[in-house]
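Shown below is the structure under consideration.
The chains carry the letters A, B and C, assigned in the order they are written, with residues numbered from 1 in each.
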Amino acid sequence: MSALEIVPGSSTGKSLATPDNPIYKRRVWVNRFNMLMSLGTMAFGMVFLLWILFTLFSKGLAAFGPALFTQMTPPPGSDGGLANAIFGSLMIVGSAIFIATPIGIMAGIYLAEVGRDNWVAKITRFINDILLSAPSIVIGLFVYTLIVANVKHYSGWAGAVALAIIAVPVVVRTTETMLLLVPNSMREAAVALGAPQWRVVLMVTLKSVQGGVVTGVLLALARISGETAPLLFTSLNNQFWSSDMNAPMANLPVVIFQFAMSPYEEWQRLAWAGALLITLTVLVLNIIARTLFRQKSQ
Amino acid sequence: MARANGSTSKANSFALQDKIFGYSTQFFALLVLVTLVGIIASLFMGSWQTLSETGPKFFVTDTWDPVRKVFGGMAPLWGTIITATIALVIGVPVSFGIAIFLTEMCPPALKRPLGTAVELLAAIPSIIYGMWGLFVFAPLFAETLQPVMINTLGKIPVIGVVFQGTPNGFGVFTAGVILSVMVIPFIASVMRDVFDTTPPILKESAYGLGATTWEVVWNVVLPYTKAGVIGGIMLGLGRALGETMAVTFVIGNAYNISPKLFEPGNSIASSLANEFNEASDPAHLSALITLGLTLFVLSFCVLAASRWMLSTLTKREGKRT
Amino acid sequence: MRFSHKILGLAAAMAVSASASVAFAQTTITGAGATFPFPIYAKWADEYKKATGTAMNYQSIGSGGGIKQIQSKTVDFGATDMPLAAADLAKDGLVQFPAIIGGVVPVTNMDSVKPGEMKLTGPVLADIFLGKIKTWNDKAITDLNPGLKLEGPITVVRRSDGSGTTFVFVDYLSKVSPEWKSKIGVGTAVAWPEGVGGKGNEGVAQYVQRIKGSIGYVEYAYAKKNKLDHIALKNKDGQFVQPEEATFAAASAGADWKGTPGMGVILTDQVGAKSWPMTSASFILMQSKPAKPEASREVLKFFEWALKNGSKSAVELDYVPIPTATVSLIQAEWKKVTDASGKAVF
């Protein structure tokens, strides 16, 4: 099973790769077994993906209909929809992306074009990669102490800030990766034409990877759309339609959480429908982002 | 002469513009650093009460009594580490298998769709895993596999104690299994990516010597990409430590330190999700924020180690080409 | 770039509409706290919105959270199942009144036992939750239930989060079991000696449904909606009673609302032949000198409407409305909410 077994075969100069050689036989069987296991693990992964999707569709489709998008979250015992939660989620996630995109792109430009290998860039890159996987519940705690405890009320903005903190590292990372794909000759050509660096970056390099930057934004969108833990302590929830970002705001993840845990059938149905909606959104965003990314990096 | 002057001033203004541009991008990069410092500072301030009053004893005290205001973080810390360990014990071999499949066995046409499908597992929001775990997986596990495990693995002397208990579907083990499904995509895609960095010439020479696919993977690819593989595992570990919603739904939420994996337990993240909005007593709140700080420092170290391992691989890459 | 423009444009439009909407926002009042009355407050809020146009947004973050949020003035009112003592009310400048009554119910999952068949006493229940009684065929249980086939281990299910439901449950246990009182005590969260912890009433209900031989406690509405097997309990008068609206009402009938400062009556272990021993009122907390008197006026308007018109929905959702005789006491309490000049806001 180790390289040692290969050596005797080649050193004697006589081929041992014959079907009746016991060592060879064992190696072949070990290989077959391990490859079968490898296939098995792939199937294992796929089974879970399909199982979860199947659960979502079988339980979520029941409440899927126009009412889901037009009616408000109902009181217990009546039918309704998730319109206010969907709208609230769009507002919070939209604001978060609006905050995170410029910060992420600028920081990404710094890492790839300006700082490159200086120590600020090195540390930032390192920290950014860690924030990429930082526990989101801790981000929620941070924003609670930073904003909610100071302004003394839960608000859509607090939720948006928490989500933005989660989104920024994704945008930074993708922007940097994309900018590094741009061949240096392109930058050199632009500089030779007498352009200052900022024009080179904005008009040439960034422009040539715009699809990639959009990928980053989409991945960030996908990452934060389903985040629940940080919203529990920040934007809370709202039973009604509200567009006031300064007040507690309805949002899909928290509504799903609350409704899934309730004893009322109508609420549980809506929770599954919401879960299906959010998962589909996230998966579609991911697939679009990946397709764009692939086009760019090829 | 005039022309030369013009171009110098133009060059000067370019230099100034670039300076402004450089500093403004640097400002945003520093924002990222400031965020990190802010998170650590705010958690540190919030946990000051516990840290100054209880000190290091906090981490070896297993009592969590909100009535008497005695708080020790040992149980959630234990649960966090145990669930993450289970996640890795299941997740690493599976991820390894998936990575081998995707790099060595998979027909080229299926490579991309299957690779994307694995990555989509990572995109499913944590709360969905939680609902699925609570309503679908745990009941099924309790009815089918769990009694079998208790009756077979539970009978093994000494280590059998790990698999004893009532088959109710919830507990540390279930949380670990669901976590493993959640970390597989992270570990598997890093492994796949680093396996792909193995120079074809190395693999081809081994194949040329008559090595089987498995032998090539085990004796050539794996040693070559060791650092990256460990980095990927550390990344998965970092994810598993901080996962909240999915764990909260199924772990059973009890402050309990026990080798029995089918018993309810607690993790740091699930304690926070359960109690943070409820805690009104300053000592309770501070103890919870201390847990949050612990979690952050823990995952910071693991993720930093992961980064470091992965960067040594990239560096070698850089030298090679 | 066009695509990214669209995204940015959309986000910009959202931000603009967000800031614009502040100018003509509808009247909205915000409350947060106990999970136990959440369904009925949500139902009332929906009906009230239809009747008056005023939106009352109530979020269930738990009783402890309700107390914390009203103390730090992040909400217009807080809600708690654990009444604050008069001293605490005075210290934080709060006004307290009850808004709804309900019951906490022990539930079991035993194939051989039908709902309401099993009889337990408070001390036996405490011993089960203390982990002293570990099997269903323990003599203490079989003596109370001679006709029932009882066997197997007991799995205790209780809350993992802080909760007013837990407060009602453990308050009762420490009234009937000295050992519980000295070892565990009373609070919205306690150091449980036993069991699996579920998050929220639904978490407990889920666990009880899934685990054979389990016993847990949930609010009545959850027991009823999830068709869990409730048990009969022996009350202070020595009678075995079933949990139902009538026994909850009986427990609240004897309550001394007037003589208890801050109306903070704890309805567990009340006298009366028909009283359910784990009955509880849920309380509203408000600032006595609110920074926004208009918002507090809206809150009081809402509860005046709810006490007058909300009984039907309350019964539908398995709660007990506040007795009519008590309403005038509550209204007197409302006079304590004043604006800066000391004039009652309502």
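Note that a residue touches a chain if its C-beta (ideal position, glycine included) is under 8 Å from a C-beta of that chain, and two chains touch if they have at least 3 such contacts.
None of these values were measured; they are calculated from a predicted model.
Asks: Thinking of each chain as a vertex joined to the chains it touches, would you call that graph a line, ring, star, complete, or other?
Replies: Complete.
Asks: Out of A-B and A-C, which chain pair has the most contact pairs?
Replies: When the contacts at A-B and A-C are counted, A-B has more.
Asks: Starting from the Cα centroid of chain A, hunt down the chain whose centroid lies farthest away.
Replies: Between chain A and the rest, the longest centre separation is with C.
Asks: So, what's the distance in Å between the C-alpha centres of chain C and chain A?
Replies: Each chain's C-alpha centroid was found; their separation is 38 Å.
Asks: When the centre of a chain is set as the mean of its C-alpha atoms, what distance in Å lies between chain A and chain B?
Replies: Between these chains, centre-to-centre, one finds 14 Å.
Asks: Mark out which residues of chain A touch at least two other chains, giving numbers and ranges.
Replies: 260
Asks: Counting only residues that touch at least 2 other chains, which ones in chain C make the list?
Replies: As it turns out, chain C has residues touching two or more other chains at 61, 199, 203.
Asks: Of all residues in chain B, which are in touch with two or more distinct other chains?
Replies: 134, 273, 277
Asks: Would you mind writing out the residues of chain A in touch with chain C in their complex?
Replies: 74-78, 90-91, 94-95, 97-98, 101, 148-149, 152-154, 156, 207, 210-211, 213-214, 217, 236-240, 242-248, 258, 260-265
Asks: Please give the residue numbers of chain C that touch chain B in the complex, ascending.
Replies: 61-65, 67-68, 71, 153, 155, 160-163, 184-192, 195-199, 203, 206-207, 210-211, 213-214
Asks: Show me the residue ranges of chain A that touch chain B in the complex, using the header's touch definition.
Replies: Against chain B, chain A makes touches at 1-3, 6, 9-10, 17, 27-28, 30-31, 34-35, 37-42, 44-46, 48-49, 51-52, 55-56, 59, 102-103, 106-107, 109-111, 113-115, 120-121, 123-124, 126-131, 133-139, 141-142, 144-146, 165, 168-169, 172, 196-198, 201, 222, 225-229, 232-233, 253, 256-257, 260, 271-272, 275, 278-279, 282-283, 286-287, 290.
Asks: Okay, in this complex, where on chain B does chain C touch?
Replies: Its residues touching chain C are 63-68, 70, 134, 138-139, 142, 166, 168-171, 248-249, 252-255, 264, 266, 270, 273-275, 277-280.
Asks: Which bits of chain C are touching chain A when the two form their complex?
Replies: Residues 1, 3-4, 7-8, 10-12, 14-15, 17-19, 21-22, 25, 28, 30, 32, 39, 42-43, 45-47, 49, 55, 57-61, 72-75, 199-203, 205, 221-222, 225-226, 316-317.
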